[in-house]
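Chain naming follows the written order as A, B, C and D, and within any one chain the residues start at number 1.
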């Protein structure tokens, strides 16, 4: 037996125009949790896809238990005992959870799918994950986080020897992350080797024993987690030092900008009230499915609330659709950048200027030179890693896509900025930049609402924290009274906790 | 508790709403013309709509992967005309052979269509629009530029549509058989589920090792085979083969599926839905002359009815969704 | 101003001329020339004079192709246009026969078309869950059905006074008025789609409707407007149809939707939304017109003509895809 | 021959119509035998729009004559007038464009004669009294509407038809499926229905098949193609259609050919009372048509019954 269950050497992968991986290597020991880290666009996800046979590497070789292997497609990898949870959910929205879990390896007797058995098995897996939905639920009706759980259940269902998790915690809050840690621990005890990609350092410290770092498509090094300092690791990842991760400036609060009173939408949220002042950052947090996204979407006119009032600078406003909100200066950075934030097949430049083209148009016709200039400026301001403004958004890594969404919001006049999970899947370097942008905006006197599931981010950036649970606001904390424990307590208030107890 | 939730599931489903609409339609038509509900009359209706009903199954598969096929009635004409001419000039006499040939021609057509769509990534509506012209033209060529094969020329083949087994017409048996087979195929087999998977999220299907291209090819082949079957049924039921038969009929098949809740963007739709959808259309077609609507008005009313059915379905669905939300505890 | 890490992003577009030559439109122009050489070679009667003579009936269909291109870019489809042409033509004939001034006849024809288009738009924006294909299929049946009811038994109406229609069917020298009108409208439509903010928004909606909506684009307003305009153009087409047949009947405009879609698609405007431009659509429309005139002069069986057009359509769309795949493969190799 | 050097275009209603094919074949044969040349041209679809495109095309080529079966009475006027202005002779057959847009029309059988024959058949089959219905093509089909009108007029004008009760005129759009739906609806609505008269080939075949399969007591007559109707024709209970009519399609093609040739040669101009010789068909005189134009009537409709059907089916 070789020392490594999985070993890759000299892997090079080229996409038209980009070298995504340049002669990288990787070794996975049996029964270890190995973190893979690096900037957005470093090539982590691509590397995973090379392992599982989704992409074919131009150069390099791969050894499984010392044997050279050559996967023709994902099926081969699956057969060899490798299961992967990809970064972007690869689920079937129209099918049930059970089917999503068992797609490709359904329980078959006499060539017939055994639905009952499959549902039972799926529920068992979901039970392990403490999921609060049934296996017969339709995938499309679940929240992003719930879908992520299904993806994990899917990986578990194959009884794989190697499990790869590509940013599984990006959409998860603290509570669900804990659940995931428990599962990973459990898997490791059973002798499964795990590759874990995350931009959250707490994940790595909690789980991994070794960490491999990629930067700019290249292999930088592999370190033992307890032997490397945080600062060194960050330096390895971004190539420079980051002094202050949460550059929250002290800003003199101004006038009240946005006030929401008794906002309700049947089935989504009820009686939500809060306010934001100029220069203030309000953190809106809660567990997955608490209804945060729905609240801000109602404020911005994506959906219409059934009850409640919204005030801007003390004046009641009636917003019927997103364009009304924009005209009044309320901007939303949507949660799902691929479906709601960007036009993936379009160039970056056009994406950035999409909602503001008419502002610099001449007599209804586009002023393209000006658009290009503006796009370049904004994209550089948020430090997007891109070659030119014409390359399609789909060719960027997740974090860089998020930066384009930020750039797009910056393209217009605004008073209130609502950011829904702005750093989901964004690397430390870029995160720091996004935080810096937020700080700048606050300094300029904008009111900011930050929705986030990441505790350090909420604690580090917010002036005040609004906590939601199950569609209701359960509390509001000032910066100095907020602690992880307090927030979690509010996020799992009453009904929620008793329901949990009842189930387990 | 459990029972209640299954009941809720049934009443909340699209198919249930459709069934309600169908029953409503039946009730109205029967009230005006009581003879409508006689078994014989219903059998006639099934037999006369066999082609649409059977082909709706193929269209279901095609639409599930997010495709569409408007070449099907040309395929039908080509396969039907081919066996018509073969029978007419005595090259074949056996009914079974005629069916096999019709299916084979349909399969070949479907294969071509599927190949162009899955391998050359031509958008389905364009590819099938092209093939609609091509196959129809081939149908004309086969017919020596417009010969018909009438009842006398078809020999014993046409008897298929008049024979019955266990008191039920053979054509109706074909419908039943097709629906039963597809019901099992779509719900209980791995291949059937792959069709749903590809339609629901093609890139996910690719990643999980499903050969998306082959599945796409397969659905068009299924559609082709059923179009071939449709050709044989058409020739048998009406005892005549004409090169321009069923021109424009593809829209009925598509309408049947859409009414039956099959999504045009893929992923959603069931065999039961296709059945209900095509039954609703069949009922409309049969009822219009029966309830005494003037000939000039029949088309308009048919259009309005289709529109009303799909709109009512949307409204009912909205109400159901809203009620489900109201029931959610907070 | 470069970013914090000093990265600079290029924003200089590649040479537009070079881009154009290798684009689909470039190929289309070449094809246009080839088709004309081919037709002239095979038919002794194929010349500028005969093409100009035969063109008007086809040109009327190009009116439909223009808004249809917008609808296809939206990722949608309208198959009711032939029926709208029928209804507009019918009503305008009936109105003209009452002796109303011709200018009113024109207005009414446009109005009827616009109203029909608005009905489509209204249903589609109110019932967004419904696919356009099924809605326009239903209205296709309804609009022609209404024309049938209006026309009554006999199913046809002819002009008692055709002066007005004769006038719009007139010519400057050998060039029919309609050619000028088509060209002007085509250029305007192409500019708006390609260069205006409105056009950009149409592409945005067609590529990712949700993002467009989140970006503050009035998705439903734009859809409503385009479907309504589609109707207006049907009214325009109807006027010229009447000017060639001095009447209308229940089959007027039959199958025009497919012709219009085929022209657009052949020109590279994909039915999946967000792709292609009107320059391609317009050139392809003229290619198809020339081809039809040329093949028609061979007195080929109509089915053979359709067969050729069908194959061309498939190849036209399949070929760039296949070439694209090969190009991509080559590019990867070059990088390696 | 008579037609040396002549180039004639024959324009059909649509491709793929077996009924028209027979006439076209005989037309072509006749002209070619006389030394002329014929192009049979079809429009893409059975619409006036499509025929306009075809005519445009033909006018650009140097044809001596165009013989057309029109999809619409009035819609082709502009184009056909243009053709005549260019010196092209315009004849028509089977289905006439209006009087202004043609020089002569070859009518397969006089409208009244067809109506009379059909109505007498209905009277005979019904046994002198009872309910009957008409299953036509589309509600806009000009020929069918003319025959139906003729039947209605005759029925009112003569006492002997007074016990016949025309319950409905249904339209099957010349589609087998719709024709069958209409037939079943007729039978369900009028259980006492005695006769259906279907003056259209697709309709009569679909109805004949349905009635025969159902062993219905309701019988059928109308206009149809013998080859399509062999199986259903017979006076006994086994068959659904005792007898039906059609005209001599080959004769129609031949007569149209000779009429067109004569037009080109200038033997006739299409004026009333002119006469010409149509080969072995004999001498024909141009008479006045119902629409004010002129026509040449081929003859009486032919009856097809169990005696001659087998024989005739071989011909068409």
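In the analysis below, a contact is a pair of C-beta atoms (placed from the backbone, for glycine too) under 8 Å apart; a residue touches a chain by one contact, two chains touch by 3 or more.
Worth saying up front: this structure is predicted, and the values here are computed from it rather than measured.
Asker: Determine the set of chains touching chain B that also touch chain C.
Answerer: The shared contacts of chain B and chain C, listed by label, come to A, D.
Asker: Among all other chains, pick the one whose mean CA position is farthest from the mean CA position of chain C.
Answerer: Between chain C and the rest, the longest centre separation is with A.
Asker: Please tell me whether A-C or B-D has the greater number of C-beta pairs in contact.
Answerer: Between A-C and B-D, the larger count of C-beta pairs in contact belongs to A-C.
Asker: Taking each chain's centre as its mean C-alpha position, how far apart are chain A and chain D in Å?
Answerer: Taking the mean C-alpha position of each chain, the two centres sit 73 Å apart.
Asker: With chain centres taken as the means of their Cα atoms, state the distance from chain A to chain C in Å.
Answerer: 43
Asker: Mind checking the centre-to-centre distance between chain C and chain D? Centres are C-alpha means, answer in whole Å.
Answerer: Averaging C-alpha atoms per chain gives centres 37 Å apart.
Asker: Touching two or more other chains, which residues of chain B qualify?
Answerer: Chain B, residues with two or more chain partners: 140, 145, 263, 296.
Asker: On chain A, where are the residues touching two or more other chains?
Answerer: Expected reply: no residues.
Asker: What parts of chain D, by residue number, touch at least two of the other chains?
Answerer: 15-16, 139
Asker: Pairwise, which chains touch?
Answerer: A-B, A-C, B-C, B-D, C-D
Asker: With touch defined as at the start, can you tell me which chain B residues reach chain D in the complex?
Answerer: 33, 35-36, 41, 44, 48-49, 51, 140, 143, 145-148, 150-153, 162, 234, 237-240, 242-246, 285-286, 289-290, 292, 295-296
Asker: Under the stated contact criterion, what part of chain B meets chain C in this complex?
Answerer: My answer: residues 68, 116, 120-123, 125-127, 129-134, 136-138, 140-141, 145, 251, 254-255, 258-259, 263-265, 296-304, 306-307, 310-311, 314, 317.
Asker: Can you name the residues of chain D that touch chain B in the complex?
Answerer: Spelled out, the residues of chain D in touch with chain B are 14-18, 20-21, 139, 169-171, 176-178, 180-182, 184-186, 188-189, 202, 205-206, 209, 213, 225, 227-232, 313.
Asker: Per the contact definition, I'd like the list of chain A residues that touch chain C in the complex.
Answerer: Against chain C, the touching part of chain A is residues 12, 14-17, 19, 58-59, 240, 302, 321-323, 325-327, 332, 334, 339-346, 348-350, 354-355, 357-358, 361, 364-366, 372-373, 375-377, 379-390, 408, 433.
Asker: If we count contacts the way the header does, which residues on chain D are in touch with chain C in the complex?
Answerer: Going through chain D, the ones touching chain C are 9, 15-16, 39, 41-50, 52-54, 56-57, 59-62, 71-79, 98, 138-140, 142, 145.
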